[in-house]
């Protein structure tokens, strides 16, 4: 550089412009090449809203089941739940969930208000007292621990993945292994999951767990393999009192549509903005 | 055939799936390592970009330190993954909304930048070694020259511009690298202890002090090993840097905690119970009192009194060690502490650190120490000493 | 531009171009088809075979039991809850029949804090503690219906009609032998029901069926009223039952809920057993066990009784006083 030449000469200007042009071309080539790779990725919306199966002509995902024709929803009537935990066992059998009392796709919580005690007592299947009552980590039962206590109010609340419309877990997955289908279920592709557990951290409801044996994250998927065959999820199938309701929200006469229409329903943690799709009736102020 | 999973004991009410700790001590080690990388690079940039001449003795070592720690950043992550062989899924099909996926790109970009910067800084040395050495080492240096032995003033002029540009880009790159780690925690809605807008900035500033402290310790140790006197002006420059950034880091951390308490959202009772209970020692005493306030006061005293000589060396070294410890505690308190507070806001779990195992304490310690071994090798291949005759003229 | 800069830039650009070109080759099949995920994962997940089969699956082979179940109070309790998942179930691969009904049934039916009151619940310590539930409750139709028939018959008219019965059942309903039962003092509602059952064919007996056919409904009412009013007599000392009365007493604790303490009756719908003929009692229990006499509850009870048990129970009840203690 010519420090003593204060007036840029014509040659210097041309040289500079040449350099600028060269740099711009290089940059442009690099950006263009990168864009070719990145644009399709950005265009793919993170919440799995597809161009539509109709575009390709065939019914997706199976020839007997077209996901664009359904929008699944789930209801829980906590006034009916008797805490028998048949749903927990059925789910474990149906979905090969690890046989222990610490990893669940669905579980039931018990809320008990004792007279004179301002704090609510909450317990679930991982509580050692309940594990002892059932006899092992593979069987499930609530211990009758409050039978000699003056209880003011008590009830059971079944919990499961809320299959949110704006799922935090899908947002944070680094690979795209978890995603939302067009029929409203959040699935996990266990052949693609790398097992980083970011989704487990992100879920505000504690619905996810990490399957150590398979090295991937797992959660309730409303028994997708059953609902695509016209069956109910296993937990809904076995509930003896009808505390769990499932159906197609596109069908106005389905159990879930009637459930939502005929009841004042609420969701868990609405303030997160996740827009959950499990609708509760009969839960209380401290259920979250 | 079930693997034996460790379940955490708990008090109060926690979700059944929470009794397994998903992110172990390794996930506290990894932001610690990226923080050291970012902090070390900051020292290099202070010299290259901001012209802090007094930091010249450590400038190249800062680069080498940054590089050697950067190589180890993916290791705790790979050891933690359920399927490390699929790790590239997040590179080939990165989910752009995921902070973790974007972090992968930031990290890759930053590694490239570090390599480039180091290459440019050492080019004259490489060229000289390529011509002087024989055998495998000679071939290694010759490969690095990219076939060009041009060290004319014209070429060096280009090099100088590149180094400057890289150093300038490197500042937001390094800070983005570590800020993203903070963002990964701060952007989550599920944990009150993590969810904070300040989290990226807090991580960043504590990263800077950890990196600068590391460099201070390494500089003093290297001088002692090489039996040369410590450049007190350089050391004082590092001390000033630590001192000013500690203050910023403390203000941010205090602000974040104050916000949690003041806003008093649902779950704050449990946080207060936790912080005054199980976390009292790790948080208030170790991270703050011992690891941050003490060095701050000590450094303030030394700066005020104009301490110099051996007292300065000892003082700065001890303060740097305390800061290094404090920053690790900060990572621990965020990562492990955040998981010990249940998502329900009504219960607490307790993390058990195992010594052995894929994600145990021994592995964590090894991962923190191993970069030093690599650094040693790098200092042999690319000596960063300013008293060396063949040093780069920058 | 110096050589090394040019080569460096080319290297970088080259690597980036390689990366961009390689991406589609490295991306798995069907990714990006519908969104940021592997589209083929969806049919893969949907293709998994269901483990639980639902009750409709059981109906094809277990038709009669399915019919009983779907008409009863347990119709919302699917087969697989108690018997396990039916996937892979064939004749060779049988599903388990739960052994410990007390443990199984109390999962839903133990009185527990938090259970809505619409759920039938029992206090374990007060409801036949320690006894297996299926002793009284048929798990496929567990509700015990005790509909005592209203008997408004006239005892005096019945007395006249009862003269035809004395040939087997003895004067005033006190049977002269071990095979035919005492009728004296028996519950009127039970007698009306059993006679009605013989008439309708619900209950079949070579002798009783044609006899009952000749009875009019008014006859049934009157006979029931008459025999209920007649005082019963204790077992004659000449009758020496084969079984062990003391052992029978222990077993009889399970019968108290329906047949009353000492067989004196708890509900008019069910027969009193006190001082009844031991031979008759054994025959009836055997008939229940063989399915010749039909009652869903007694069938379950009798299935759990060995021949010795039956003899012991019969001995015990035969020895009981049929007059309630004052």
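Going in written order, the chains are labelled A, B and C, and every chain counts its residues from 1.
Criterion: a contact is a pair of C-beta atoms (placed from the backbone, for glycine too) under 8 Å apart; a residue touches a chain by one contact, two chains touch by 3 or more.
Since this is a predicted model, take the numbers as computed values, not measurements.
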Of B-C and A-B, whichever chain pair has more C-beta contact pairs: A-B
Taking each chain's C-alpha mean as its centre, the one farthest from chain B: C
Chain whose averaged C-alpha position falls nearest the assembly-wide average: A
Distance from chain C to chain A - Cα centre to Cα centre, in angstrom: 41
Inter-centroid spacing, chain C versus chain B (mean Cα positions, whole Å): 69
Centre-to-centre distance between chain B and chain A (centres being mean Cα positions), rounded to whole Å: 33
Of all residues in chain B, the ones touching two or more other chains: 93, 95-96
Contacts with two or more other chains, residues of chain A listed in rising order: 41, 46, 176-177, 192
Chain C, residues touching no fewer than two other chains: 23, 28, 31-32, 36
Contact footprint of chain C on chain B as seen in their complex: 88, 92-93, 95-96, 112, 116, 119, 123, 145-148, 150, 154-155, 158, 162
Complex interface listing, chain C residues touching chain B: 1-5, 7-8, 11-12, 23, 26-28, 31-32, 36
Of all residues in chain B, those that touch chain A in their complex: 1-3, 5, 7, 13-20, 22-23, 77, 80-84, 86-87, 89-90, 93-101, 104, 157, 184, 188-191, 266, 339, 343-346
Residues of chain A defined as touching chain B within the complex: 1, 41-42, 46, 98-104, 107, 122-126, 159, 168, 171-177, 192-198, 200-210, 212-217, 272-274, 288
Residue numbers on chain C that touch chain A, as the complex places them: 9, 13, 16-17, 19-20, 23, 28, 31-39, 41-52, 54, 76-78, 80-81, 84-85, 107-108, 110-116, 118-119
